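Take a look at the structures listed below.
Each of the next two complexes has subunit A plus one more chain, namely subunit B in the first and subunit C in the second.
Up next, the complex of A and B:
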């Protein structure tokens, strides 16, 4: 795969499946991410939005190479023009690529949060940590507390600080904001914005899509393990008429400030995915064609969409 | 008919700062109230106190004028933020739902639960699907008051809208009181008639 100019991370046709036993010794393969494309350039924030269980967090694990042993990854990932091999992932993660994990359970319960945030860096980046904690409004004694003594939002802010201390080029933030108040969430996003403006890149996986639209450069919408639309964030600020895929429009309309109207139905399960377009069973514009074959990725108005009817 | 917190005092230990000092609030039956505050102000603590999971150091929690019963189904039910932590991982979901009475087709329809999910274990469902079970379990128990502690922050916005519409519809039908803890101002304004700011009534923990 040829590498485009100036991309930091490029992902092509990524598929992730899990080998599982269903009955006795019968092995089945469960495909959880299929044909996924994503590019991240230096200096930008790419927000990843989409339904719960659509493989957003698995993407983060796949990039860092921390999927469980029974996972099988296919496709191409390039970081700074070079193939991301398991060995390279191991060298880069924690240094060039940092993760803000989704769950506050990632904190070591037996370690004070101050030294956890410092990580393995020597000498300890004490001043930087103090500065970050202060910026996030964490009281000075926080560094001496254990994770169980923190509230959910405080633990989140510690996790974000820990990732920012690493000076990584690529930060993958997996739902960094739930539990934080609006001010704190904005502060965290402002810091991500600042990092991006310095030439680093951020992948922001989030359900707070209204905030993501304000800070991100581009938004990738996930559904059932693939990207259905990648569009400039400004299109999401403009509203459904600027969007291309019916699922993106449905997301926009379900926001509390935009009508709060959900579409019925559920995302299909990995393992029982429909044959054609993955969104077809819930799509108001569905035709025979959508049910029969998987729509290719098309470029429309400066965005990419995977839908026969996108316009 | 209301759920009342009267002059609550609470702290997590003798050497810890007060979280609530002489804090009072009322939730009428049939009303939906949102509670908001920055993190660390005691939103979850308030939810745990009101639902009887924690005991106040001083003060009273009264449901319809009586203290919360020690036996039987509590008239105040709590729905937590993390459904995967609120469900017994070794029970099939049928079992989970049967805790609050018989499962009816109608109930499954209201909460958007598929028949096939009932025979699965919690780890085989996504967070949004599990949260539907937690919501159904709390609402079908016959509770008069339901405390929703950030029940939709981990969910995508479509699932969030689906779950809240189910909660509000059921609450309206049975005239329950709903107390919703949320950070999302837009969501609070959409679902609640009244928003309580905890910074006004909890003890100032930042000092």
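Up next, the complex of A and C:
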């Protein structure tokens, strides 16, 4: 596996599946992430954008090595040029890799948020946490509150603080902005921008495509558990002619400000994935080749695309 | 602080009123049951006198006790005596019921507290062990033991324990709360404790399985929660997770269950105290039942209802004190 210069995290052909028991002892395998490619360099925000239920959150768990026990991971992940083994993931999470989770449910309901943001490491990074809370406009008494006493936006700011309290080089933010006011969301994203400018890498998992286009350096379009296209965010701002994958183009056209035109069909669910290209059943350009086998990743005009017809 | 006191006062007043209503209901039901039962209290009283009585004397006694009054009137008489603290006199022991309950209960209390604490701690610790090692062989083994113990009757387990530890191994005495042939005022605290161990262990065996299985389930839920996923994402390992999140989130339901188990504990007592010939309230209850000692039986019934009710109320109060989510919104 060739390693590109200057990447912090490199993911090749990552597949995640779950062993499930349906009736009785029949074991089935549910594929939730298929042949995913993603590279993240220091100093950039990569947005992973896709609709709900496409397995975006599982990507975060796979990188951190915190998938449930019945998950099976295939493919390669490299962090700072070295294979990301389960042992290494255990060493790195909470130190070099930090997660900003989705909602207040990720806070222990019976622990005051101050000690939760501090984390389990000693000595407690109290001063740093106070500074972060103040920066996010959380009142001083917030540290003594329990999660159920927080508003959704406050909870998110606590979660962001909990991630920033570490010296993480890689920050994986899983839907960090819903529930925040626009100002707060912008503040949080500015924070991520600033972190990236300091040389950290941020993976921004989101379904808020507008924010992704605006704040990210590159956008990876996530569809049915794989990344169909990764391209500079400017291409997404420029419009469909700058994009490579038919799904990215369709996504762009489906945005309210771009005509609001949906394409027919549904995203296939795990368990009923098509054999070849995952987008083939809905693709206007599909050929026999697309239906039969998974297209390879190709580099076109400074972006990566997994499509035989991408241009 | 002032808020807490006011809240506690309100809760206490409320649960006091509830308890009073419950006790009234229990007294009515108990009275009705005794009235319709074939037990003849006058006959029991006469038996207790030990002398023959002529029909005229019997009629006088009936007159004296008000046996021929309408049931409602008799209930009101009994209730008004009850409210003045007069529980009547035991036909079996020829002493005031209140004294017997007080004396027997103080014996039982030590046994009960030991059994209760032992079952709570054992159950919680085993539950945590099972929850942390779910679906591995230690979990399966402990789970089977728990199921086995919760389906075994107390008296049978008591007999087995006696057979193994007292008769065969001779580690523990075979019964009573002190050595045979020693006056009760001469029994030392160590002798008392020594006699307490086997019944306490037997009793705790009856109820720890429940706590253990519940704790196991609760801990499993906690370990599958989003907040534990986040804790893992932050580099917490199993031990830290148990310490920081597991205990905190499982101890409250365990405590509630433990206090709510007062009723089962009482049921277990009647059996265990008889098997171990332990002179506590449980054996008094059994004796009262077997000898148709109506005043003592009613007294024990009311007392046990009060006891269980207090246990449940304590659980409620404790819940409010420990769980911040039940405390009022913003401090």
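What we mean here is this: the second predicted complex is superposed on the first by the 307 of 311 C-alpha atoms of A that agree within 3 Å, B and C clash if a C-alpha of one lies under 4 Å from a C-alpha of the other, contacts with A are read in each partner's own complex, and residues count from 1 in each chain.
The rule we apply is simple: contacts are C-beta pairs under 8 Å (C-beta built on N, C-alpha and C of every residue); 3 or more make two chains touch, one makes a residue touch a chain.
None of the values given here were measured: they were computed from a predicted structure.
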item	value
Contacts of A:94 with subunit B and subunit C, given as first, second, both or neither	second
Which superposed partner A:288 touches (first subunit B, second subunit C, both, neither)	neither
Partner chain(s) touched by A:261 [first = subunit B, second = subunit C, both, neither]	first
Subunit B versus subunit C as contact partner of A:148, first or second or both or neither	second
Most subunit A residues touched (candidates subunit B, subunit C)	B
Which of subunit B and subunit C A:207 touches, first, second, both or neither	first
Which superposed partner A:162 touches (first subunit B, second subunit C, both, neither)	second
Touched partner set for A:183, first subunit B, second subunit C, both or neither	first
Overlap of the subunit B and subunit C footprints on subunit A, listed as residue numbers	none
Of all residues in subunit A, those that touch subunit B in their complex	49-54, 139, 151-154, 156, 175, 178-185, 207-210, 250-251, 254-257, 260-264, 266-267
Subunit C contact footprint on subunit A (complex, rising order)	60-61, 64, 66, 90, 93-95, 98-99, 101, 103, 105-111, 119-121, 144-146, 148-149, 159, 162, 166
Contacting residues of subunit C [partner subunit A, same complex]	225-227, 229-237, 240, 244-245, 248-249, 252, 323-325, 329-331
Interfacial residue positions of subunit B with respect to subunit A in the complex	37-40, 44, 81, 112, 114, 126-129, 150, 153-162, 164-165, 183-187, 189-191, 206
